[in-house]
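Here is the structure we will look at.
So that you can tell them apart, the chains are marked A, B, C and D in the order they are listed, and the count of residues begins at 1 in each.
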Amino acid sequence: MIPTAIIGAAGYTGVELVRWLATHPCLDLVAASSDADAGRAVSSLYPGLLGTGAGSLALVTHEQAASAKGLALAFLAVPHTAAQQVAGTLLARGTTVIDLSADFRLKDAQAYERWYGVPHTAQELLATAVYGLPELCREELRSVAAGVAEGTPALIANPGCYPTATTLAALPALAAGLLEDAPLVANAISGVSGAGRAATSTTHFCSADSDLAAYGAATHRHTPEIEQALAQAAGRPVSVVFTPHLAPLKRGMVSTVVAPLAQGIGPAQVEEAYAERYADEPFVAMMPFGTMPHSAHVAGTNRALVGIAVDERAGRLVASCAIDNLGKGAASQAVQNANLALRLPEDAGLVSLPPLV
Amino acid sequence: MIPTAIIGAAGYTGVELVRWLATHPCLDLVAASSDADAGRAVSSLYPGLLGTGAGSLALVTHEQAASAKGLALAFLAVPHTAAQQVAGTLLARGTTVIDLSADFRLKDAQAYERWYGVPHTAQELLATAVYGLPELCREELRSVAAGVAEGTPALIANPGCYPTATTLAALPALAAGLLEDAPLVANAISGVSGAGRAATSTTHFCSADSDLAAYGAATHRHTPEIEQALAQAAGRPVSVVFTPHLAPLKRGMVSTVVAPLAQGIGPAQVEEAYAERYADEPFVAMMPFGTMPHSAHVAGTNRALVGIAVDERAGRLVASCAIDNLGKGAASQAVQNANLALRLPEDAGLVSLPPLV
Amino acid sequence: MIPTAIIGAAGYTGVELVRWLATHPCLDLVAASSDADAGRAVSSLYPGLLGTGAGSLALVTHEQAASAKGLALAFLAVPHTAAQQVAGTLLARGTTVIDLSADFRLKDAQAYERWYGVPHTAQELLATAVYGLPELCREELRSVAAGVAEGTPALIANPGCYPTATTLAALPALAAGLLEDAPLVANAISGVSGAGRAATSTTHFCSADSDLAAYGAATHRHTPEIEQALAQAAGRPVSVVFTPHLAPLKRGMVSTVVAPLAQGIGPAQVEEAYAERYADEPFVAMMPFGTMPHSAHVAGTNRALVGIAVDERAGRLVASCAIDNLGKGAASQAVQNANLALRLPEDAGLVSLPPLV
Amino acid sequence: MIPTAIIGAAGYTGVELVRWLATHPCLDLVAASSDADAGRAVSSLYPGLLGTGAGSLALVTHEQAASAKGLALAFLAVPHTAAQQVAGTLLARGTTVIDLSADFRLKDAQAYERWYGVPHTAQELLATAVYGLPELCREELRSVAAGVAEGTPALIANPGCYPTATTLAALPALAAGLLEDAPLVANAISGVSGAGRAATSTTHFCSADSDLAAYGAATHRHTPEIEQALAQAAGRPVSVVFTPHLAPLKRGMVSTVVAPLAQGIGPAQVEEAYAERYADEPFVAMMPFGTMPHSAHVAGTNRALVGIAVDERAGRLVASCAIDNLGKGAASQAVQNANLALRLPEDAGLVSLPPLV
């Protein structure tokens, strides 16, 4: 068993990590932290864990968790800026870091500072950080895994939920060169857990229930991350108009991408490109052509379902990807990245079925 | 009081009409019909009406309702194809018809037959039918109102819910010539009532709750209606890539349009165009620039809220419109059209506030 | 129009009052207050009111609202203890007060201090306060209305939501002497708005959605109020075991009462007692015997629906009452009380239909 | 691996069994049946299983499943009356049967015929059937397990969801003799999946969402089953007034029992009795005294959480139990019973954590 810590275990993504690790065959959760709730049992925050081993774990401070002895792996589920402050120390101690914040996702520190409005104080780590979207970056992940095997700890930037869903929707088309060089339009819908555990007027049941709304139009911070990922897929700069929406469900996300097909590209080429690209992906499945995926069908799992259609009248691809924003969009993808970094079976601890009802 | 009938009062839009008419100061509901439930009281289908005048109304057959004496106005809330069969008879009897089905929305009978897969058997009425989106077609509506005043009954095709929300989102930009001539991308999200009263696996609570999904990509029947309305707004053909989604709420709809701005057009011109176009519209309000509307804020009303933003990086307009799919998207807009056709105050019977909690 | 103020208009019951007053034919809202949000427009807190008269109202301080000139009527929608502090001043100025807090509901100041854990500083007003459940206390309400007509302002304690639903469920059986003298069991279920507008871990969408739980067993503060109301109905002390539950909906409440029938009492006497007692009540309707009411069927209205059944095996009455916790359980009942106190038609401004979909 | 069949795999409890068996370490699902959907893959009914082994299973007919070779175990998830018809044949072939229908729960065939309104055609099996509530009947279950080990197949009647929750709430108090001999009052609340997979007006999202209602008052078929279980716990006849309610969530159930405490019994004895009785139960956990359990905290698990309080004013016990109606209330409890019958570890395949968000 590999000694593992979760730095920031009290928030939604943190406790979701606790849950995944509780049944992971190789990762041993030796420390889980929360500065605000240090000393309390995890089950006192999440009573669904009452009477379970995971629930009886006592939270420690971030500092204590980070300095746990022999720590091989640490998940950072702290807010951006906080991750910058601790990642370097962990790496220096030989601990591989999977950072679920935004701090190491953007290669361009200036873009980070522009979109997040804060300075980046660990820019020296950006070059070594690998973007942890396995379907896009499996080679880089293998490469750092080789380093880990030889004693060099890895720093993996776990993708945001919207970038995961949006990139998985568009990746095969871009990689196969099926799209015109024009802005993609991505409209996404998220469940309320995406807004985090803080109780606010937005997350109040009486605000969120029976409501729909777009937000962050033209300004959402996931935009440059999406563009960076799509550019890597396409091998050229890609522009995206990204509009997220909030809907009344706890967990679940759909991102629907509309993009102009290149001259002469039709349904057959599109279908083939997606089928090929995702044929061997353990966590991505294609819907029958022309049908679209449901977020409920991937709830609580690390899976992504992708559906594609072609609007031949307008010459546009429509591609929709459904994930669980806390699963493939956060915690379980972080476990997938840990598995890859540590050369465990990619699906170790990640086989689960969604609730069917 | 004006003798009024609802042909098809048992479905969701039909009973929503019953509800609006119950407090309308000028329209007198003299007959409400359902072939399947003739003889039953409305309250036996909708127990929320128990003990109310509207609830005690006994449903009659469509035939009986259509031949009620002195009928000045009839709302058709029957499925498409059924509306074709009765509209002509009503008009011949001097009854003004507000048709909530799709039968008279498309000017082009061939487009109707192509998208709906059935023949149009009342094509002779298409020329006289007016599209009942007041914010787009107020002049035509005034013109047929003049006819009604002189004894010529009107046929008004009440818009679909998606076309209403999508057109209201894009109308000012198109009318002011702010957009490039390129396909618009419209992504919409609807509550489950849009799927109607039929109990199916899609509308089962355990399918719809905690779920999100796109559907009907590239094939939804509202597409040609949206394109027709936008073309009228723009004064040129407009192509739309339309993707609807379903979300877990009863009532509510948001349609978010992304479109390329013409050379040199920026936020200021966009904001001004929307402000001007909707300044005098009694049922459309603009959100502060850059903020997006919530469907809950128009639930149960005839109002539409529109929010706009400009993505200057990509040169795109993002415009989002929120309506109640059964209100401004169906029944209350039909009442607005009736008010216009009969030269009543446009907001007669339509002043209502959404639930604030 | 009667000059009216809402002291405490920013919370859920306060803004619900704003909404009801917006369409009330006789009450003129001249001041609405919130110490925390003074200076802001109501619509800035509740964007569903954007562009409406009610929404453009600027909030003032409690002090300012209470001293508005010529104020004939004030609704107090402030927390308990805050109501005690202002009621006397308003009455002294000749303003009739409808208090929606718990401060004047319990006749026994010691019971108040025991259950609420705070001293009662306006005990001298308790004797004059009338409990505003019209179905129970119509005579007292008429009596103070006579006083108001002669210049003596009234103080009406508007009932809690659980006491309203529970009392309406049991009242006819107790009043007709159909029940044994033994504790009643009342189990109630409430929507989340009952927990108020404060954003807490309990009201977070991700806590409340897809969840059910009892709370406050044997300790809920509404218990003595329920017992006081039932005792008044029965003409003898009544003991109640009250257990509230929370369910994932915004608005709505059901209280189900189980009580032992007196010797020889069967379904016929029960049905007759309820039919008689509620025959002339404008806002209470009986379900067919043996069927139970739905909260959705009274949502947004001042109505209560009551269903009754008899478990003949156990000799027990089962009676269930559905209300909107913010309607008949709070704001619209307060308007009903105002109507009675001011000798307006009892249903003035209160005729509304629930959403049927 | 033990060859296992699910007769009736298309409904909610059936597919939930499919899901549990997919990760069970000892049970091998060799046949899953649905007469209506024979020939289709399970994933065509439940797309959440697309791309999984469980999903690719082809449904066969009931007849085919029941006659699968070497079948050691069969779960019956068919409606009552259908189970009667097949149980005997399976037992005759040596197959142990876990019946999730109501057919073998009531020991008294006349009570069955009275409450279910149909004849019981396999009464000869009633004497051998064991009621599969392990917390109540572990001895009988051990006894039939001994028989299975020696070649005599067992017939286990898996409890209903309401009886499971209600019995677990009251069992320790009754078993310890803490209650007066008077009717218990049980009020329960269920999610919509309890109404099954059939699409009806009751299960339509637009009926169920934002609604609460009691139903089946004094007539629900689970009443005699609850009374039989409680009588077994108490060692004397027990009468129950049972009122179920429906609330807007997919899965989850709470049953709250109120019962008169015997003379001299107070909180200490109650707390002790529950602590003792459930100390060694692997799937039941107690809440801290005075606090009540949440259904979300057991969603998707085989766990039951029980909370207790004492209303000393009225001398009443309040006990509330939360389960997942499809888990401990149906499918996972059936697996627990199979584990016991086959002398597998009681928690084999049943260790799972609820979603924490």
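To be clear about the criterion, a residue touches a chain if its C-beta (ideal position, glycine included) is under 8 Å from a C-beta of that chain, and two chains touch if they have at least 3 such contacts.
Not measured: the values here are computed from a predicted model.
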For chain C and chain D, chains touching each: A, B
Which of B-D and B-C has more C-beta contact pairs: B-C
Whole-Å separation of chain centres (CA-atom averages), chain A against chain B: 39
Intercentroid distance (Cα basis), chain D paired with chain B, Å: 47
Centroid spacing, where centroids are CA-atom means, of chain B and chain C in whole angstrom: 37
Shared interface positions of chain D, touching two or more other chains: 12, 193, 197, 206-207, 209-210, 248-251, 294, 296, 299, 357
In the complex, chain D residues that touch chain B: 12, 192-193, 197, 199-201, 203-210, 248-250
Complex contact set, residues of chain A against chain D: 12, 15-16, 18-19, 22-23, 46-52, 54, 193, 197, 209-210, 250-251, 285, 287, 294, 296-300, 303, 305, 326, 351, 353-357
Complex contact set, residues of chain A against chain B: 183, 185, 187, 189, 191, 206-207, 209-215, 217-219, 239-241, 243, 245, 247-254, 256, 258, 260, 290, 292-296, 299, 307, 309-316, 318, 320, 322, 357
